[in-house]
Structures are given as structure tokens and as C-alpha cells.
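Which chain is which? They are A, B, C, D, E and F, in the order written, and residues in each are numbered from 1.
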């Protein structure tokens, strides 16, 4: 169960309204890597967690914190929208700046939400649950979480560069710092999983490696003319999982056949090879 | 530019048709973590790459290989569908197994694709580009790639367990091995980025940390009653970035105010606080 | 079956083209609360109606009228687009107004539809069927319809304020009036359903209330510090359904346990608690 | 800011696993009218609220409670999935019940989430933010909220009828009771808004009715052959807003013209009427 | 404006309920190539038409007919759902056929629509407006329409094969015949466009061919090892547009360079080539 | 399997950056009719092809070429973005042109991709797989392909008109020429299918026409007042399939009944007709 503290986790006060920036800021609220994504991801990972209790507890702690980040961003966006042009203004036709604002802001901030934040990204695309993952495997998921905190921090720093409003920058500097913490947190949690021998590379480590095709498990296939990719750490030396050595294939060739499909049942009215249809059908497994 | 070799990278021949498994196998073709996702992600990261040439080259090599994985899965799915019930069969009403297959397979495999693979997942949801990322920051992106190879390998091992068809397992064992390689590849590439001082934690490392709010950059906030999360590696000790120490806040409190929004322009016909409207409007920045 | 009268239900003639406003007007054509949404909602509610014939007939009457509203808006939008800059103009680089129009209009109006309306909203997001509902329960559905006519009328009045084109305003004034009618219509229909004892609050009223947990059926749970929400009509007094009295819980506490999930089958390769796995598996229901 | 209490608001323990029902139960978790929809709707309405504080407070209280409902459903679904067939079982090919379960359950519960709940509906379609609304107008929004609690309660009662598991029914009976409360709550809040003269019908009531086309503001247009719809409360008598009387138009006719569009700029390469192109272009507003 | 005739265009009466087939039939109602797609496509093409009046009129005639097809399918689906298992039945656990139906039908037909049709396809994915096109160029659009009637007719014939219900087949035989008509109609309309010299191949024919790169305008590029594609009518002989001859390139080579991107502005915090950053930035166009 | 040639198929070098045009150009990369759509469509049609080998080979040749088109467009877009305003510029508040660019460009090009192309269209909507089709019937699919090359060529010519950058126009002129080829190619392939008697009109031609309702198979139904549509080639004369003659119905009337649905099982809690419920339920097929 959850409780609400009416205070914001951190201040969300711009110096002045800026409807164009409000539109941009939506990206880190409702975009692919926005706060709704991490909030929903961490909560579902926590609720679905079948591993040790400390992981579940930690996931729900950070998931709960992220709700507060959504709250701060929503508040900030509403305030950035305060002076958006809500009605036809006679000077708009003559004042290019007003026209630029009217053209550049998200029209749904006027028409749909009435100067409120929306759970959408900077192009107005709605947040959706395919931005999240909770796989039941904590290593696979913590790698996702580390990614999310990296992409998210990257986007917030980009937004920081695109405004000079000190109130906005103050809040973004708080979010950037929390992302610093959370990147470290997921790196530490990954190390903990490995130290406790719950999971390691290759993930999932509970699948017997003897069942995979070992001869291609450490090969780099060069699929192009030229060999610049041979210069990387992925082309020679020990592999990070400590179980093999990278092998570089300069001119890989295919293992498989040239595929040919059987004709389909004629009652599907597809296009089959002429002649061979009846013969093949006779041989089809039923 | 690209060229096609008519051979498959590896065999894609089931022992026998299995329309129910065909539906499931769609997940790793057209799902969130399927082969289309990594193919498109790596190609776009390569095409957009502004970093050293070896990274660009490597990204396009592996992106090109992934097209071949899509090809193998599409071929396998088409063959698993070979004997799907294409027409009303009198015994279906009496044979529960036939009824179960008709109920359990993806109806679009009959109606839409005529026994062909589709670029959708195991519930028929179409692949979409929000499953990909190419941010311009290679560390943020390689962390995504490592995630994708972890979630993808996890899903393929789960599918391996759910079939006993030796032909299917043979192909999956090839894909699992390639995912082993690719997890190692991204781990090695991340180490290379750090060794070359192109990027490190916290990502993006080019944003001056002095600008973020350092006092919260290494704090774990316990947002719940109880303290199991205090036991983890994320609650004390040096942080993985080597720049700080974790601090555990058992009872964090909010920094911010209780927010109150200004009334909106009445021409938006929203609901404002009575009385204060006119006063506030007079004070609004214009 | 349906027939078409070539006349528009009402005029759709702007005084002058305005590509920026055309983009905005798309919201009430193809947005969440636009005319396509009510057209499809009412038609499907009518086609699926298993209740008295007068409801079915009324639903199909208004659904049919809404097709005409879609037609009017599409026509208006096409005309607002008439003079959009269809080709590179040398002065665009120098004339800020032209640049603002080129930046602010929906590029798909040029590239995709060639100055035609599209079934999308003001940010170009396509209309989709999850905007509709036809549940088989007329009270639940008429409440949706009342909502749709409220959100829709709100959006049209906002658009009215944002233009001074007399032709556009004339058409919007017609649509606003029809929304006035339709709000009244759904309120009247809801009263009729209750008068005829087909449905009432709590909806669905055919589910025996004795089966629900009566002790929480009229309680307001205050989930936050502070008590402003105690001042509302929802915190004390008789409930609108006439069956209870509101009770205000200042400090609610949880009824449930701290949940702990069982480990999963190891063949799913998720992360389980160490040690307890085998024991728990032995006890799993099979 | 938010805090988490590790206890569930109410119990979420099924008597026995049931993967088919788990799939169904997803509808009220991540579907159009599921708990995520009300949680996100109420929170955003609260954060965006510019009206009196008691409304904002109440919205955030109920929004916070809804997070707990999401938590209960996620927990219940994970438990219903406990014994899902995680691996190929030899008897599946012979046991129709096992085959039916394997065909009927959501394959993503095995492949993607590893027996965890997902933020999707009963057909696996991901939750998205277009299921929510926060318009800034409280009457329009409370009507939506009343709808959501009606559609939601309807769906939960339908699910109640489709299981005989006493643990599942126990939790559903709690949710049904809370929906009873919340329907009453929104009805009471609507009455409060009207009593306080903040909003009334037609919504938005701040738009001057003199600007709409009054002659059609209370007319029912019969758009079909036959007149069953004339029998309803919407066809005669005083209108619920108290400002007019319903008028029934048996044979309505169009007000508008037969529309004809101008030719488009030839550089758009669309199809224009031959001959008239050049003339019309000369007359186009530039 | 539109009017409704309460009669169906054709009968929609199954011999008996069949919830599994109801799910399948949704494909041609709300799928990519279903009746909603053609209805919306033809109506929008008509409303946006700037060409000769007979085309506009014809488009709106057929668009209006398609609404009636949606109506017939919705009615049929509702009737096929009549006996769906609406409540827990004790024998379901023992009767494999009941279990198969419960697993195989669309759960939303029970939970969401209460035995009504939904504007979704056979996997429950909602119809969306990206299934339509109205480009302003009638040849491009009529080619789409011809495709839609081909894919649609193909799907209806496949559904015909999968049922033996005489009532269902009777209605499908009507739809198949109308698709025969409509394929012919679009072929005739395409011929008419060409005869009237409004459009021809290559479409759009109003773009001067002298501006395109003529040397590659009639070349087939063989992008693979092997030459089976050389045997087709696309590899030699006169081209269908009568303006060239096909040329077969057995071993095509690239015209372009190996691309290298400039470094990005460092304030975007992406990954650039080391060293060259500052130099390149100095040379960037500003 | 696939290989990569590091050279672009054709040059992709603009004369100068233009972030507004970069946004527009996304339409033909990741839009409904963009290069990703044809790439994925042709590849899946090839992989699923059960017809003669030359068709499969040709499909994979052109599908492989289309990957190169995606590559060229991605490269061009990255270069058009080179000088986008990556940081707050003091003069932006004063320079309307800078403001217009900042308002008009896609904000995700800055925030999400860091000046890279994205797999989305010109309004930022992500590419999705419902833009493709591979039905198993080659005629139905080649008609789609012809449509795609027509809509695609139309969009590229429109974009050509909207820029005067010679580098951009040079690349577009190459793409336009390839679309000329591909339109001809699909027309030739359609003729080949018919010549080889694999498929013809009405498609699918393998469904016995005797089973469809022949009396309506060649009728044009005029669904509106007025008769302009009677003037077209679709209203009289031989039909293009050579199997009938068009018949024009000036005043068509419905074949079907006025539908009435049975009441639903009361445990679904929908709204039924009063009184008749029990009787009807007794007669329901079980």
C-alpha cells in the first residue's frame, strides 16, 4: 500500500513560463526513457520478484521514489505552461515570436490538458507499457535498469543545456544527481548478484552452456568488406565472462541451406509452385 | 549497401509442424527483445555513429548478422505452420486436440499471412520502433545492447525448454550461442570505451559533476517501513564509479514545498479556485 | 444500411486558409475525444445493443449524425490547408512568418495527404479503437458518452477561442450547440434507465451487493498527511446511491499481508531465493 | 512524495493456480479500464489541478489508493501463474487439458515475464496513456472518473462470475466494494462542483451559450427511417440542464452546401479537376 | 450528411453460436484489411478529393456502402457469441471442449464488450488510422484500394473455408461477391484515370521525368549470389509504362562514398572521435 | 545471410544542414510508406514465399536493395541535423529564425537521438509492422507493393519540391528513379503472374466464383442522392476481369432484416430487454 506526502521531493519552480521548453521536458516525463518508465519498471520488478527479499525491497523503494519524480516533472511542466497563448491574439499575426511559440508548443497542452502535463513524450506520443520490462531474471532486468538510468541521465543533461532558467536547472540538477546514484546502485546490485552467485554472464547462467553450439559462442563474424572492426576488444583476447577467447572470422560463411518452403494447403488460396502442389500435399504431415 | 547470400546462416528445419510453438516463437522474432529489435537498433546506432570508425564498423557487422537471424526465424516459423488446419474439419468438433490447436494458434497465421511468419510478437502485437534506441552516446547504447542480448537469450532458453523438437532446439542452440558471444562483445566494448576514456560512469561523463546536486548523488532513500534494502551493496561502501560512498537514509524527508498551481487563463474553460482568479491573472507573466 | 446526402449538415467554410489552425482542428476530428470517437462508439453501442429498441434506435441515430460531423471537419480542414507552402519558397529563409508556418504546421498535411484532413489528432497520432467503448451495459456506456460530449465540447470551445476566423467560428458554434444537446440527451437517457429500473448506482446494479465487502463500500481512505479532502461531500453524509453514508478514515491501515511469492520453476531461468528453491518446488501444486 | 507500506491493502491469495484466469485478470490491471488507468488518471488530475485544494487533495488520495490496487492485482496474477507449464511435458501431447492451458494462457507470461504480471490487458495489448484524461475542467474529468469506476466495476463483476476460487473472489469482492465507494464519490463530487457553482451542464459552463447556435441546441435529429427513438426521454420534455425543451425532428434536412474543394498547388502532384486548375490557382489566397 | 436504414444490407444470421469463429471474424471487421479500413479510406479519399466530381461521388458511394458491411459483421459477431460461457461452469474443468473454447475465444468478448463485436482484429489489436490512406493523388490511392479489396477478399475466402455454418457462409458469399465488384471497380477507375490523362505510370506522372536519374530508372539490381530473378518479366523487355526497357545488372556496385559523420556539438554529450572534435567544430556551419 | 558493403548505394550529402527538412525527410524513412516499410514487406514476402523460385529471389533482391535506401536516408538526416541548436543560445529569444527552427524541428532529434535519424515518421510516430503485408498470395501482395512504390514516389517528389538544396535533390532524384523502376517491376510481375496463370482477377482466383453471390458481383450501388458516379467506367460496360458487365443500381435497397439481438446471459451484467430475458434464455443454444 502507498501513502502520499504533500511535499514535493524537490523544488519544481521555473523562473518564468516557457511553453516550448514544457513540450521538450515531456520527454523525460512520458518518453521511452522517462520517469514513468522507470517507475513502472521498478514497481513491477518488485511485485514480481521471487528472489531474496532485499532485492524486492530495494526495487520497491526506488520505484516509490520515482513516483515522486513524475510528480515533480508534472508540476514543473504545468508551471512552464502558465502563460501559453490561450486565445487568439491580434498581435500573433504580426509578432513572429508569438507565432513561433504557437507553432512550436504542443497543441494538446492547450486543447486537451488545459495547461497541464500529459503522460506523453516530446512529440505527444503516449507512454506505453512496452517501455518496461520485468522478466523474473534479476541480472537481465538490472542491466535494463542501468540502461534506463543512463539514457535518462543523458536526456536530462541535454535538456539542462537547452535552457538557462535557473529554477528549471535547479530541479534538473537534482534529477541528474539521483540518476548518478541510481547508475551506481544498479552497478552495485549487479556485482552483488554475481557475488552471491545468483546470476552471471552469459545470462541466464542457469542454462547449461553445454547445450549451446560452443563453436560459435565466442566468434566475431565480420559481415562486411574491410576490417576496422577487427581492432576492437571484441575481436581477440579473453572474453569478459572468463570462459573463452574471442575469435575473429574475417570471411564467415553460412552453415545453413538455401531454404525452400513446402506449398501451402490450397484452401488458403496462396500462391504455390505449379505442378508440385499435389505431390507435396500428399507428403504433408497431418 | 547490402548483399544477400541465399544460404541461411544456420539450419531452420523442425522435425514436425507445431502451430502452437510457431506462435510462441514469434516472440523472439518480432517482440520487444526479438531479433528485429536488435537488427534495427544496431543498424541505426551504426548509421548514426559519430565516434571512432571501429565502433561504427562493428555495429554494422553485428546489425547485418541480425538480419540473418530474422531470416532464420521467419523460415522456421513458416515450416512450423505447415500443417495448420486450413479448413473446417469435421472431426474438429469432436477431437479436443484439434480444437486446442485451433484455439491456441495465432489466427492471423491462417487469415492474414497464409502460414507465414509475421513481424509481430507472441500475442500478435506488431513490432514497433520504440523498441530500439540510438542515442549518440555509445556507453548508454551499449548498455542497452547488453540488456537486449540478456533478455533475448533468456527468452530463447525459455523457448528451448518448451519444445522437444530436435530441429527447433538445434537452431535455438545456435542462437543462444550467438547471444553468449554478443553479451561478451558488449561487455568488452564497454570496457574498451572506458579504457579509451570515451565514456564512463556516471554516463554521460562529459557533463560536469559539479553542476549536479552532489549531496544526493550517492544516497539510498528508503521509501518504506522496514529496512531490508539496507542489507545490499547499494547501501554502504564505495560506489562503483569510484567517486563516492553510498549513504543509507532510513527516514528521508522531502526537500520541496507543497505545490500550488496558478489559475489558468479563463478562456481555457478549466476549473480555477473561486475568488483568486482575477487577482492571480493580474500578476501572471505575459 | 446507410445513405449519403451530398449536402453538409452545416457550413464548413473558413474566411481564409490557416494551416496552423488546421493542425489544431485535427484534435476534434481524430483525437481521443474527437468526432470519430463518438461516431464509432455510438454505432458499436447500437449494433451491440441487447436492450429495449428505443435505445438501440437512438444510439444509431446519433451515431449516424456523428458521421456528418466528421465530414464537416474534414472539409473544413482541407480548406484551411488551401494555401499551405507546397514548395520551397525563396523568401522562406528570410520571412519569419513563413518559417513559423512551415515549422508549426503538420508536415504530413503536405507530404502524406496533399492538403487533406487525416484521421489523426493535433500531434499527428492516429485515431485508434481503444478510444471507444461498447460494454453491453447501457448505464456504464451512457456515462462514457456524457464524458465524451463534455470533453469534446470543452475542446471545441478552446479552439473557438484560438481563432478569429468567422467562418470557422460559425461551424464551431454549430458543433458546440450539438454537444449541448448531446450532453442533455445522455443525462436524460441515464434518468430514463433508472426510471425504467434497468440500471442504477452502483453500476452494474444486477450484481448482488451482499457479495461485496460492505464494510469498505462507503469509506473514504485518506492516503496522505493532512486532511483537506475531509471537507468534501464525499467524506460525510448520505451517499448518492441512497444506500449508505460516507465514512472518513483519517488514518487507514492495510488489511493484507506482506506478500512473498513462491519460487518459479527453474526451467524458466528466473532468479529465485537460494536454498528454498527445491523445497518449495516439491510443494508446488501440479 | 510517496511512501510504501509493505502490506497489501487487502489479501491477494488464490486457493490454487489458474494460468487461464491470470490472463483474464490482466484486463482489470492493464486494460483500458484497469487499475493503472485510474491510478494514472487521478494522479495527473491531481497534479494538474488548479481548482480548490480539497479537490486536489481528494484526487491524490484516491490516486494513491489505486497504486495499491495495481499492487494487489499484480501479486494475485503472479500467484495464479505459479504452476504454469514451464517446460515441454511429454503428456501435453496426450492430455487435452494441458494442451488447452498451454493454448489458452498468455505466452508472454512464460516467455517474457517468467510468471509475473505484466502492464497489459487480457489480449496482451500494452497499457498506454491515451486511456487517461486530465483536462483541467473538473466536471468533464469527474464524469470520466465515474465512467471508469462503472466500466471497471462491471468488468470485475464479470470476472467474479468466471471463477469459483474463493481466494480470488475474496479479493474481487474487496475491489467491487471500493468501486461502489468510488462511484458514489464521483457522483458526490459532481454535485459539490455544481453546488459551489464551479461547473454545470452544459460543460464547460463558462462558455457563453449565446455564442452557440441555440436553434439546434435542444433538437433530437432522427437520422433513420422509423421512429422508435421518439419514445425516449431525450425526445420531449424539459432538458436536464433546465435551460430548454427537447424537440424531435422526424425528418431533419441539411443546413450546408454540397462542398467542392479548390484544386491544390500542382507541385503537390495530387489529382485536380482538369482545366480549372490554372484559373483557380490564380485566385488562391497567398 | 448520412441517413440510416434499419435493414441490414444482407442477412447476418449464423446457424449456431461459435465464439472461436467470432474471434476470427474480427479480422475482417477491425483488422488491417477489414471493413473499417476501407470505410474510412474511401470516405476520407472522397472528402479530400480535389479531382472531378464523379470520382468524389463514387468514393463516397462505396465508402457509405462499407459502413453497412461493418454493421453486418458486427451483428454476425454478436450472434456468434450468444452462448459463450459467461460464468464458471463446474464441468469446464472436466470437459476439454469447454476448456478449449474458454482458452481459444477472445477474453475481451466476455469481459469488455459483454458478447458484442469490438473494433479490433482477430488478436484483439485495436483498429487504427494508419491502416488508411488518402494522398490526394487518385492513382496512388486507387492502387491502395485495389490492394485492400484483394487482401480483404483473400481473408474472407480463408474464413469461408474455416467454417461450415451455412448462415455464416451465406453472408461471406455476399461479401466475397462485393469484393469481386470492388476489385473490378478500382481496375476500371484506374483505366479511366489513364484514359482521361489525369495520371499514369510512373505515378505521380506530373513530376518531370527529366529530373530523376534516368540511368537507374529501368535497371533491375541483382543483390544476391545466383540469378533466378533474371528469369522474370522485370529483367528484360519493354517496361509497362512504355517509356523504357528493363536492364538486368548481375553485379551492381555502389555509386556512393563510405560515409563518415561529423562530430556533434559536445553539449549533446554524445560520443565523438577523439582529437578531431575541436577542429571539426570550428568548421561546422553555424 | 547478408553482407554489408561500406559504400552507400548513392550519395547522401546535403549542401548545408537544415533541421526542419530533416524532420520532414523522416516521413520517407520511417513513415507508413517509407523505406523501412518496403524493406520489411519485401523481405517477409520473400521469406514466406511458397511460389516459384524466381519470385522469391526477386523479392529478396529488392528487399535487400531497400536496406540500402534506409541507410542513405539515415545518413542524409544525420547530416541535415549537423548544426541544430544543441544548447540555449542567448540570441534565440531575439532571433525569430532561431526560434522558428527550435519550434519546428523534432525535439527528439536533440533529446533522444543526439542528431541522429530515428525509425519514425515526420511527426515522430514510430514505425510499426502493421505497415507491411505478406499474405502468401502474390497477386494481392504485388498490388500492395505497387501501391507502396506509388505512395512512396509521390511523397519523395513532394519533398523534392520543398527543398532547394542540390545535394538533397540529387539523392531524391536517385530514389525517384528507383521508384520508377519498382513501379514498373511490380506491374511486370503482375502481368507475369497472370500470364503464368498463377493468379488473376478477382483475387484470389482459386476460390470458385460459383460460391459467391453472383447477382451482386458486378453491381455498382449508388448510395447517395444524385448520380454523378453513374458517369464512370465502373458503372457500365465490360468488367476488367472479362467475366461480367457493370450494372448501375440507382436506388438500391437492402436485402437483410432489421436485426434484433438475443438477450445476453444475466451473469454478464449487461442491459437486456425487460421481460423477455428468461424466455429467451430458455431457448438459448447451450
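Following the convention adopted for this analysis, a contact is a pair of C-beta atoms (placed from the backbone, for glycine too) under 8 Å apart; a residue touches a chain by one contact, two chains touch by 3 or more.
All values reported here derive from a predicted model rather than from experimental measurement.
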Shortest walk length in steps over touching chains, subunit A through to subunit D: 1
Contact distance in steps, from subunit B to subunit F: 1
Subunit E and subunit A - chains in contact with each: B, C, D, F
Gap in Å, rounded to a whole number, between the CA centres of subunit F and subunit A: 28
Averaged-CA centre spacing for the pair subunit D and subunit C, given as whole angstrom: 7
Multi-chain contact sites of subunit D, meaning residues that touch two or more partners: 1-9, 32-33, 48, 50, 53, 55, 57, 60-61, 64-65, 68, 75, 78, 86-87, 96, 100, 103-104, 110, 112, 114-115, 123-126, 128, 130, 133, 135-137, 139, 154, 157-158, 161, 204, 207, 223-224, 226, 254, 256, 261-262, 264, 267-270
Footprint of subunit C on subunit A - complex, ascending: 1-6, 48-53, 55, 85-88, 90, 96, 99-100, 102-104, 106-108, 110-112, 114, 123-126, 135-139, 193, 196-199, 204, 206-207
Sites on subunit C touched by subunit B in the complex: 154, 157-158, 161, 267-269
Of all residues in subunit B, those that touch subunit D in their complex: 20, 23-24, 27-28, 31-33, 96-97, 100-101, 103-105, 121-125, 154-155, 158-159, 161-164, 223-226, 254, 256, 260-264, 266, 268-274
Of subunit D, residues touching subunit C in the complex: 5-13, 16-17, 32-33, 53-58, 60-62, 64-65, 68, 72, 75, 78-79, 82-83, 86-87, 110, 114-115, 125, 128, 130-131, 133, 135, 137, 139-140, 143-144, 146-147, 150-151, 153-154, 157, 160, 173-174, 176-181, 183-185, 187-189, 191-192, 195, 201-204, 207, 209, 211-224, 226, 228-229, 231-234, 237, 239-241, 244, 246, 253-259, 261-262, 264-265, 267-270, 284-286
In the complex, subunit F residues that touch subunit B: 1-9, 30, 36, 40, 43-44, 47-48, 50, 57, 60-61, 64-65, 67-68, 70-71, 74-75, 78, 112-120, 126-130, 132-137
